Structure formats: C-alpha cells, structure tokens
Amino acid sequence: MTAKPKTIWDRLEDIPREILYGLLLVCIIVPMLFPIGFPVPISVEVKRWYDTIEALPAGSVVMVDFGYSGGGEPELAPFAVATYAQLFRKADIKVVTMSTSNEGPLLWEKAMTELNIARFGKEYGKDYIHIGYIAGVETAMAAVGKSISATTTTDYKGTPLSKYSIMQGVDSAEDFALLIVYTTGGDQSEGWVRQWYTSYKTPYLSCVLAMMVPTMLPYQKAGQIVSVVSGAQAGQIEILVKAPGRGVKSADVITVTHLLCIALVVVGNIAYFGKKFSGGKS
Amino acid sequence: MLVAGRIFALGMLIAICVLIIVCMELAKKNLPTFRKIAGLDALPEMIGRAAEMGKPVHYTTGLGELNTNVASQLVAGLSVLSYVSELCAKLGVRVIYTVYQSQVMPIATELMKEAYTRAGKADEFNADDQVRYMSGEQFAYASAVQGIAERERPAANIMIGPFYAESMLFAETFYRIGSIQLAGTARGYQIPFFAVVCDYLLIAEEIYAAGAYVSKDAVLTGSIRGQDVGKFIALILILVGVILTLAGSNALIDVMKL
Amino acid sequence: MSIIMKKSVPIALVFITAVIFLLEYFVLPTELKSTVTMLQNWGIILTAFTLGFGAVNMIMFHGKQVSRRAKGQWPYSLWLLIILVLFTLVGVIMGATSTQYSWLYSSSYFALSATVYSSLGFYMTSGIYRALRAKNAESALLLIVGVIVLARNAPALAAQFPILVNMDSWLSSVPTTSAQRGIMIGAALGAIALGLRTMIGRETGFLGQTTEGEKGG
C-alpha cells in the first residue's frame, strides 16, 4: 500500500526543525549585523528600577549580588553594566558586591571591564569592592545579613577587608540602603526576600531571566521587591542611563525573533485547521 | 520575648506542624486515599511500552541537592524512583538513573537495589550501568543526559524533582527521539515548559503526593493529608481576608502583622 | 556502627539545630544571634567542602572509567581529568583571579555554558510551534495568552500597540500571580512537612535510608 502524498497542510503542520532553526538563526544574525533601530519603550518596572536608584541619598551603601552563571551572562550582564554605570555616576554612593554563584567574581570582572570603570573615577576599596563568592545560598545571605566580617575577612582576591575604607561602618544588612540582585537562580532571587527583606526590610531590586519574572511577580505585588525586571529589558535601562550597549542592540533581535515565533504559531494553526476542514487527521 | 511581627507566623507554624503530626499518626490506622493522578497511573503503561520496544527507561531528579531548599523535591523524586525501579525490574526493563549531586548516588543505589530485591531480581541490578553520576554542573549534566538520550534512545523518560533551565533541553530532546514523558516539578519557573512538551505532568505539590501515592507509606500519606488541611486553612484565611477587606476592615491583616 | 550513631545522633543534631534557628527567629533574636551566626558559618564551610567532595568524586568516577577503558566513555573521561587538573593547577599557581585563569574560564567553560544555554531558544521555538495549537478550549486559551505575551515582549510591537502592555500587565498581575501564589503556598507547606519529618526522624533519606516503611490502612 503506497503512502498518501503529503498535502500542503501536512507540510505546514510539521515543518522540519532544521527549517525552524535555520529561520531562527537568520532572525538572530541579520538584525545583529544590520541593526534596524526599532523603538524601545520603557516599561513601568524598569522606570521604577531607575527611579529607585536615582532616589538614593548621598552616602548610601548598596549591596549587589552578582549571582548569575556563565549561561545567563548574555542576558543579565548588559543590565548589570548599565546599573553599575548609573550607580557610579551618582556622587558618594558606595557599592559592595558579593556573589552567591561561584562564577560570580569572574563574571563581575568581565562586567567591570565592559563598563570601563576608570572613566567614572572610582577607586576599588574606597568606592566599590567585591567581597567574593560566599557558598551556601540562603545560609550565605543570612550570614552576610548578620555580619559580613564574621562571614568573610577578605575580598575576592584574598586581601583583608580591614585594608579597605569602604568597609568601615559597613557590616550588616542594616548598613545598606538598597539590595540589587542579578541571578539566574530562583533560589537566590527568592532567598533574598526571606533573608534580607523579611528580616531587615531592605529595599530590593531583582533582575532575573525573562522566564523567571512571572514567578517573582507575587513578591513585587506584595511589596517585598520594589521592582522585578528581566535581563531582556537591558535596552530600556541603557536608554534611561544614556549608555547604549549590548541591550539596545539585542532589542532588534528580540523583536524579530518574537515576530518569527508568532508567525510560526499562526502558520501551525492555519495548517491544523486547514487539514481539519479538508478532512485530514492531525 | 516573642519577636513582634512574627507571632502570627509562629502560631501558624506550630498549628501546621501539630496538624501534620496528627495526620501522620491517624494515617497509620486509616490510610487516606488520593484522587487519580493521571501521570502516576500511566507509569506501568510507560514501562510496559519500554518492555515491548526493548529499550531502557531514563529517570532523572533534575538538579536535586540534599543540602538546599529543593531537597523536598529531590526526596519526592527518589520515592517515585524506587517504585519505577521495582516496576522495571518486574518487567525486565533497564532503568537508567542519571545523578547530578554525588551525595545522592549511594542513596539512589540503595533505593534501586532494594527495589530490585523486592521484585525478586536482585542479581539483575547493575549499579555501575544504572546509576550514573554525570556532573555537578548544570549544563554539563544537561549535555550528558542529552547524550544518553541520543545514544541509548530510551522509550520512556521520567523527570521528577527540581529542574532549572535544562528542563526544556531534556523535554525537547527526549520528545525528538520519540520517548513518552512524565515530568513533575514544584519549581514554578519550569512547569510551563514541561506542560508544553511532555505527555504527562505533575504540577507542584503533586510531586510530593507522588511518593506517597506510589508507596502507600503511612508517614508520607499522612503528611500529604496534613499539607492538604493546611491548604484549606490558607483558603479560609484568604476568603475571610477578602470579605473583611471588601467590608472595609483590616482586622485580619492586623492580626497577621502581629 | 551502632544504630545510635547511624540514626539517633544525626537526627538529634538536626532537631537541636532546627530548634535553635527557630528560637532565634521567633523568640530570642539577640540572645541566640552569635550561636546562629556560628552555625551559619559552619554551613557555609560545609557547603564549600562539598564542592571539593564533588571534585574528588568526579576524579574517582572518571578515573575508574579510564582504567577500565569503558567503551565509548573513556576518552571523554580522560579529557575531563586533564581539564580538571589544568584548571586546578592554573588556579592554584596563578590564582583564581589571575588573567590566565580568567582567559581559561572565558574561552572554555563560559563560552560552552552560554552556548548550551542559548540553544534553549531553538528548543523553545520548536516547542512553541508544536504546542500552541487551538485543538481544544484549554489549548486555545494557552494560544491566545502565549501570543499576547510574545507580542508584548517584542519591544517594537509593544511600542506600536500599547494595549498589549495593558493586557500583559493584567495577565501577569491577576491570573499568573494568583496561580504562582497558590503554588508557593503548596510548596511552602511541602517544605514545612519535609522539615518536620526530618526533625522528628520520620524522613531518613538524607541518612541514606528510605523512609521507615510504616504501612497503614
């Protein structure tokens, strides 16, 4: 018995994945090489993020958890770099960074290189510092919240913290005006709510992967997180901070690839209904 | 002495703990029953399919670690692993369990050995082949599991535990090779990906119920009953809160802030 | 090893530690702060040790694969061991924050990690194409919501059609948040139950034993 020839509906309903992946590749590469310049509207959440940092009074100390892994770097790093630019532009704001991911210190160095920190005139150990990777996720958060000096005595390079003026008078969560977290791990992003917000009411800004945002929204709605944003919104913060970089460039790619996905969904449904109404079985 | 702002939480914690203990004790005398969970009922069918095709079954508990707050999901996955191993042993199907955290290896080996012994096939269990420690790094583990999928072509893929970004990698790869899939996780981030690709899905607390469902263990079953009662209490609090708030009263909110 | 050492002592330690943490959080924050801080630091040290333990385990496992010349596996195991030694030597001799270590990390692990993570995009595309079909009422609803969220997250479309922003905002704030809250409540109760069972010795999985087989009914 010979196989029934494939109809147009069969072909459209079951496009080979090689074609799907090929189309996606084209939609990624072309806008990257030839930027289109699509508009990038600023969302409410990113504006709130920006305004929260702008409202920091002089002399504030900010804690940053640089807790993402290498896999999340392309998405989160642009947002992190733009935020550091905003923080370093403000007068007399000190930034203490730690990492709940063991790749954090290396990725932080990459981000600082991308930021070109020298142009801000900030000095390591006086205006900013990295106190290293601290193992234990929530245990680490709780320990650092109680006492940094009891948890770690050196920075990420092994130099004693006592040598740095930034750490004078800064030891527990109560000494920080703001907590900013960049992470690819839900355990980290939720853990900071439990360990810092619940215990110390530290205002908390959370930057996570796009797929994590829906799960983090309840914390924002409950007022436990000031703003939850995704790394994919990096273009928006770069525009606000007036430091266009990778985020703005990838906004075009995001638009085109999303349009491709919508087009594929439409094609798949047309094929499904076309086949159904022409008497075929799916 | 009691810390302000945490009194209500302490009271609720004590109440729920007492509830769970009472339910565990009552379960010893009268085992509670569960509603049907399609994914778990399909397990014998999935393993039967593997037996007919002469292919193995792949099992993973994701990035489960004993020393993190997702340990409860790992434990749930291990409970179902024991059941799946016994079923596979009875039907002569090879089950491959890929391990993420090395500390889990001896526990899993012991569980599977016991399962094979219960099935009367102790000599067929080969720990070196069937309990494979892949890597402690997320994507190295994910790549290794994808490699197993492509090389060994399991007929069934069972994923119960805490999953992260690799969930879609697993689900799509096993879908592509034609495996029938059951997935379950309490990590809300990954449930949509499993829902879109897998044949059967356990959502959130269903994975905790899964261990009790398949083992009929009184401790686990009673514990699930206690959790269900806890959920009813939460539901009542929500309803009372909504009614009071609509009536313009903050009484419940004030009590909860104690 | 007697049953007391294998089971009773670990369970007693877990119980006492849990009670200390609970008392510190709810009752005696000032009095128990230093004890809890010490225990938390012990936890951090133990976690750091498990990283080393994981490395030892990997060496043992892959060393066995190489010595046995395990078919189809041993060249990869050998390569893994070589890379492990290389990273360790460079990290110890040059320092984990040295330029050499950074280069090694960036050009190998980081590049591979980002690549594998990025491959998710391809899998998601094929998954979306296959799954978002209006085959019944539920899948039609999934389709509509999926398309709204996809469109809203395309910056140019959101700029052109602001109504997408409002729709996505409602979807995120109402049904999604409600569902996530329900899942959180369930997960939290599950965690409480597991913690309780562990404290009272009814959950012995962490000791390498199955839960006590207490059959009921």
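By written order: A, B and C. Residues from 1 in each chain.
In the analysis below, a contact is a pair of C-beta atoms (placed from the backbone, for glycine too) under 8 Å apart; a residue touches a chain by one contact, two chains touch by 3 or more.
None of the values given here were measured: they were computed from a predicted structure.
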{"item": "Central chain (by mean CA position)", "value": "C"}
{"item": "Between A-B and A-C, the pair joined by more C-beta contacts", "value": "A-C"}
{"item": "Interchain centroid distance [CA atoms averaged], chain A/chain C, Å", "value": "18"}
{"item": "Inter-chain centre distance, chain A versus chain B - centres from mean C-alpha coordinates, in Å", "value": "29"}
{"item": "Overlap residues in chain A, where contacts from two or more other chains coincide", "value": "17, 69, 71, 214-215"}
{"item": "Residue list for chain C, restricted to those that touch at least two other chains", "value": "47, 113, 116-117, 126, 128, 130, 180, 184"}
{"item": "Residues of chain B whose C-beta touches two or more other chains", "value": "69, 139, 165, 188"}
{"item": "Residues of chain A touching chain C in the complex", "value": "15, 17, 20-21, 24, 28, 38-41, 43-44, 69-74, 102-103, 105-107, 109-110, 134-136, 139-140, 142-143, 146-147, 150-151, 156-157, 210, 213-215, 217-218, 221, 232, 235, 251, 254-255, 257-262, 264-265, 267-269, 272-273, 282"}
{"item": "Interface residues, chain C side, partner chain B - complex", "value": "22, 25-29, 46-47, 50, 53-54, 57-58, 61, 72, 112-113, 116-117, 119-120, 123-124, 126-128, 130-131, 180, 183-187, 189-194, 196-197, 200, 202-203, 205-206, 208-217"}
{"item": "Contact set on chain A toward chain B in their complex", "value": "17, 69, 71, 137-138, 184-187, 191, 209, 211-212, 214-215"}
{"item": "Of all residues in chain B, those that touch chain A in their complex", "value": "68-70, 138-139, 164-165, 176, 187-189, 192"}
{"item": "Interface residues, chain C side, partner chain A - complex", "value": "33, 36-37, 40-41, 43-44, 47-48, 51, 95-97, 101-102, 105-106, 109-110, 113-114, 116-118, 121-122, 125-126, 128-130, 132-135, 143, 146-147, 150-151, 153-159, 162, 165, 169, 172-173, 176-177, 180-181, 184"}
